[in-house]
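Report on one structure; see the data block that follows.
Per-chain residue numbering starts at 1, and chain names A, B and C are given in the order in which the chains are listed.
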Amino acid sequence: MTILAVSNLSAGYGYAPVISDVNLAVNPGEIAVVLGANGAGKTTLMRALSGMIVSTGQVELSGIDISGHSTHARARAGLAHVPQGRGTFANLTVAENLKLGAISRPDTADIARDIEKWLSIFPVLGSRFNQRAGTMSGGEQQMLAIARGLMSNPRLLLIDEPSLGLAPKITADLFQLLAKLNATTGLSLLLVEQNAQLALSIATKSFFIENGRIRNVEENAAISDQLKRAYLGY
Amino acid sequence: MQFFAQQLLEGLAVGSIYASLGLALSLIYRMTGVANFAQGEMALLSTYAVWQLITWGLSLWIAILVVLVGSMVAGALVWRVVIKPVQRAEHLTVVIVTFGLYLAFNNLAGFTWGFLTRPFPSITARTLFRVGSVPFSSSVALSIFVLIAECAILFVILKGTRIGLAIRAAAENPESSLLVGIDINRMYMAGWALAAGLGTVSGVLVAPRVFLDPTMMISIIISAFAGIVLGGIGNPLGAAIGCICVGVIEILSGTYISWIGADLRILVPLTLIVFVLLIRPAGLFAVEDALRV
Amino acid sequence: MTNRLVGATIAVFGLLAIVGLVFVLSEYQIYQLTMVVIFAIVILGTNILTGFTGQLSLATNAFVAVGSYIAAILVADYGWPWYTTIPIASLAGFFLGWGFSLPALRLKGLYLATATLALSVAVVPVLKRADPITHGASGILVPRPESPVAWLEGYQWRFFVALAVALVVFVLVRNLLNGHVGRALIAIRDNEIVASIEGVNLANYKGLAFAVSSALSAVTGALLCFNVGIVEPSAFSLDFSVMMIAASVLGGASTVFGAVVGGVISVYLPTLANDFNQALVGLIYGMTIVIFMVWMPQGIVGTLTDIFQRRSKKRSGSDLAIPVPVRLYP
C-alpha cells in the first residue's frame, strides 16, 4: 500500500489554480523529491497536501482518504509537515517544541523516551534543550523542526525546502542525516527542494513540477540526459 | 504610617480585582489578538446570574460554581459565534464589534434585571485581621488571595499541562500549531472560556464592595485597561502587575489628593492611560507584538 | 450625464417634498425630523473618520459636548445670539479636534481607540464637576430660537435652520471628499504604509479627518442645544459615542446618504424601543453593531449600493452619494 496517493490535485489562492491535476504516489520507505523552479508550485503542493489551502482532487494517506480533512486532522492522521521557513515556535523552548510535536499522541509514556531518542540523533538540540527556539541558528532550527515532525511518529514526513537560508555544509549534513534516518528507520519522506543536486543525491524517486503540473516522474532518481539539461542546466 | 499602610493594602486589594479582569483581557489579547472591551459586561452578566441563583435559593458557593462553569461555556460561545468570523478581518472591525458587545451586554443586564442597585453577599464574613498594627478587612485579604491563586492556577495550567502548552502554541504560532495537530479553534475557545471564568471571579469580588447594578463594571474595566496599557497588552504577568499599580495609585491619590472626590476617581486610570500612551505606548513590560496593531 | 441629472432631480423633488411635509405634519413629527437631520451631521462625521479614513474614535461625545456647551453658555450666560454660536462651535470643534489629534494620531488602531476611550469616559465626570462653567449636573437651560416670521412656527423654523446647516455641511464635505482629500483618506484607510510611500502626508490627512469630524460633532452639539432646550452632562456619555458608531455602521459608513439613514435610525429606533424598555435601545444598538459588522459590514446603504452596482455593471452617478469606495466599512 502506498503511503501517499495523490490524484487530480488542483489548488491555488484565488481564481486561477497554481497547481493542476497533480498525480503522484510515495511508497513506504521512499525518499521522494519534488523539484522545480521558483514559483512552479512546490510549496503550494505541500500546503495543499497538508490541507492549509483549499484543493480539489483526492489525497490518500496509507489508504485513508484525507481529501476533505482540515490541517490538524491530517497531522493527527500521520502527515507531518515541516513548513518552509521551519515554523518553529520561536518563543517556546526546544523542549516545548519537541513536546508539541507529540501533542496529539495519546501514548504519553513513550513521549519522553522518544525525546531522548531524537536528542541522540540531533545532539545539538540536547545542548539547547531549555533554550528559546528563536535564539538558535537557522540550521539548528531546521533540525528542531524536523525532530518536531518526527516526534509525532508520522507515516509520512513532508519537508518544504529544508536548505532554504542554510549554509552549504549544513545542508549537506542535513541531507545525509535524512538519508540515514530513511535507511535505519524506513521513514517515508516527501521533500520539496530547489537545490536539485543535493536532493537527487538522496532521492529514490523524483518529480518535476513546471507551471503547476507534474512533468515527469523518475524512479530511482535516474534522470535522462534531456531532462537533466532542461531542468538542472547541466 | 498605619493609615498609609491601610490605604496601601486597600490599593492592593482593589488592584487585585482589576488584575483578575486584566488577566482575562491579556489572555484573550495574547491568544486571539482582540482587546475585549466587553469583558467587564460579560463579568457583569455572570455576577447577575449568581445573584439570580442566590435569589432562587442556591447557596453562594454553589451559585458561584455553577455560574463559573456557565460563564466559561458562554465565553467560548461568544468567541465562536461573534469573534471567530471577524477575527481575521481588519482590526477595526473587531474593536467595533467588542464595543457593540459591550453595549449589548450592558443593556441586557439592565433589560433583564432593571437598574435598581442591589446588595450582593460577600464570600467571606466581615472580619478584621491585623498584621502588626495594621488592620485590614477580610475582603482585602480575599481579593489579594484570589489573585495569587488565579496566577498560580494559570501558571500551572499554562506551563505545566499539555493543554496549556497547546494553548500557548496556538497563541504563538497558529499555523505551526495546526501542523502539529492542534485544533486552534478549540484552543481559542479554551482561552476565551478561561478569560470568562476570570471575569466572573472579578465580578463576584467587586459586587459586595460597590453593590450590584448595571454600571458596576464600567469603571473596573477602565482601570483594568489602564493596567494592561501600563503593563503591556500582550503580557499577562505585566498586566497583573500593571493593574495592581493602578489600584494602588487610584486609592492613594483618592486619599491624599483632596480635589479628587469619588466622582473624579475615574480620572486616575484615564490619566494613566493617556500618560502611558503618550510616553511608551507598548507599556512597561511589552512583548514584541509589532504585527498586532 | 443623465445619471447626474436624475440624481439632481430626485434631490430637488425630495427637498420640495420635505418642505411640503413641514407644513402638514405635527409639531412632534417635525421635531423628530429635525433630530434626524441633526444626527445625520454627526454621523457623517463618524463616516468620514471611521468609514473613510479607517480611524476609530470613541470621543464623539466629547466634541458634541463641546458644541452643546459652547452654544448653551454663550446664549444663556452671555446673551449672544444663537446663530453666532453655530460657526463658533464648529471652529472650536475643528481646532480642538485637530489639537487632540496631534499627539493621538501617532498611535495606531487599538491604541488610538483606547486614547479616545479615555477622553470619552472623562467627559461626564468633568462636566459635572466643572460647576462654575458648566452649571454642573443640573445642566443649562437654553431658550429655543423662535421663528422670525409670522407664517412659520418655531418648530418649523428650527427644522429649516437644521436643514440649511445640514445642506451646507453635506455640500462642503462632499466637495472635500470628492477631490484629492477623499482619495488620500481612502488610501490611508486601505493601507497606510503604501499611502505614505505614495506621498500622502499621513499626519496631515488623518488630522484633517479628525478635525472635520470633530467640527461636525460640535455643530450637532450646538443644534441639539437649541432644539432640546437643555444641555446636561449625562447625555454625553461613552454610550452615546458607541451608539453613533452603531448608527454609522447601520447606515453604511462611507456615504452621505448613509448618514441620513443613520440619522433616521438614531431617532426612530429609540422612540420605538423606549415604549418597551429604556435598556432595549442600547441592547438593539449593540446587537445591530455585532450583527452588521459580522454579516453585513457595508451597512444597509452599502450593501444595497453594492447589489445595485453589480446589477448595473457601472458606477451609479447619483449626486446623493459620495462615490462608494470598493471596500466599505471597515
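To be clear about the criterion, a contact is a pair of C-beta atoms (placed from the backbone, for glycine too) under 8 Å apart; a residue touches a chain by one contact, two chains touch by 3 or more.
Computed from a predicted structure; not experimentally measured.
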| item | value |
| --- | --- |
| Neighbouring chains common to chain B and chain C, by label | none |
| Identity of the chain that, by mean CA position, is farthest from chain B | A |
| Distance from chain C to chain B - Cα centre to Cα centre, in angstrom | 33 |
| Separation of mean Cα positions, chain C and chain A [Å, integer] | 56 |
| Whole-Å gap separating chain A and chain B, where each centre is the average of the chain's CA atoms | 43 |
| Interface hub residues of chain C, defined as touching at least two other chains | none |
| Touching residues on chain B, where the partner in the complex is chain C | 35, 37, 82, 85-86, 89-93, 95-97, 99-111, 115, 214, 218, 222, 225, 229, 233, 261, 263-264, 266-267, 270-271, 273-274, 277-278, 281, 292-293 |
| Residues of chain B defined as touching chain A within the complex | 162, 165-166, 168-169, 172-173, 175-184 |
| Of all residues in chain A, those that touch chain B in their complex | 50, 52, 70-72, 75-76, 80-81, 83, 87-92, 96, 99-101, 103-104, 108, 148, 152 |
| Contact footprint of chain B on chain C as seen in their complex | 50, 54, 56, 58, 103, 107-111, 113-115, 117-119, 121-122, 125-126, 128-129, 238-239, 242-243, 245-246, 249, 277-283, 285-290, 293-295, 297, 330 |
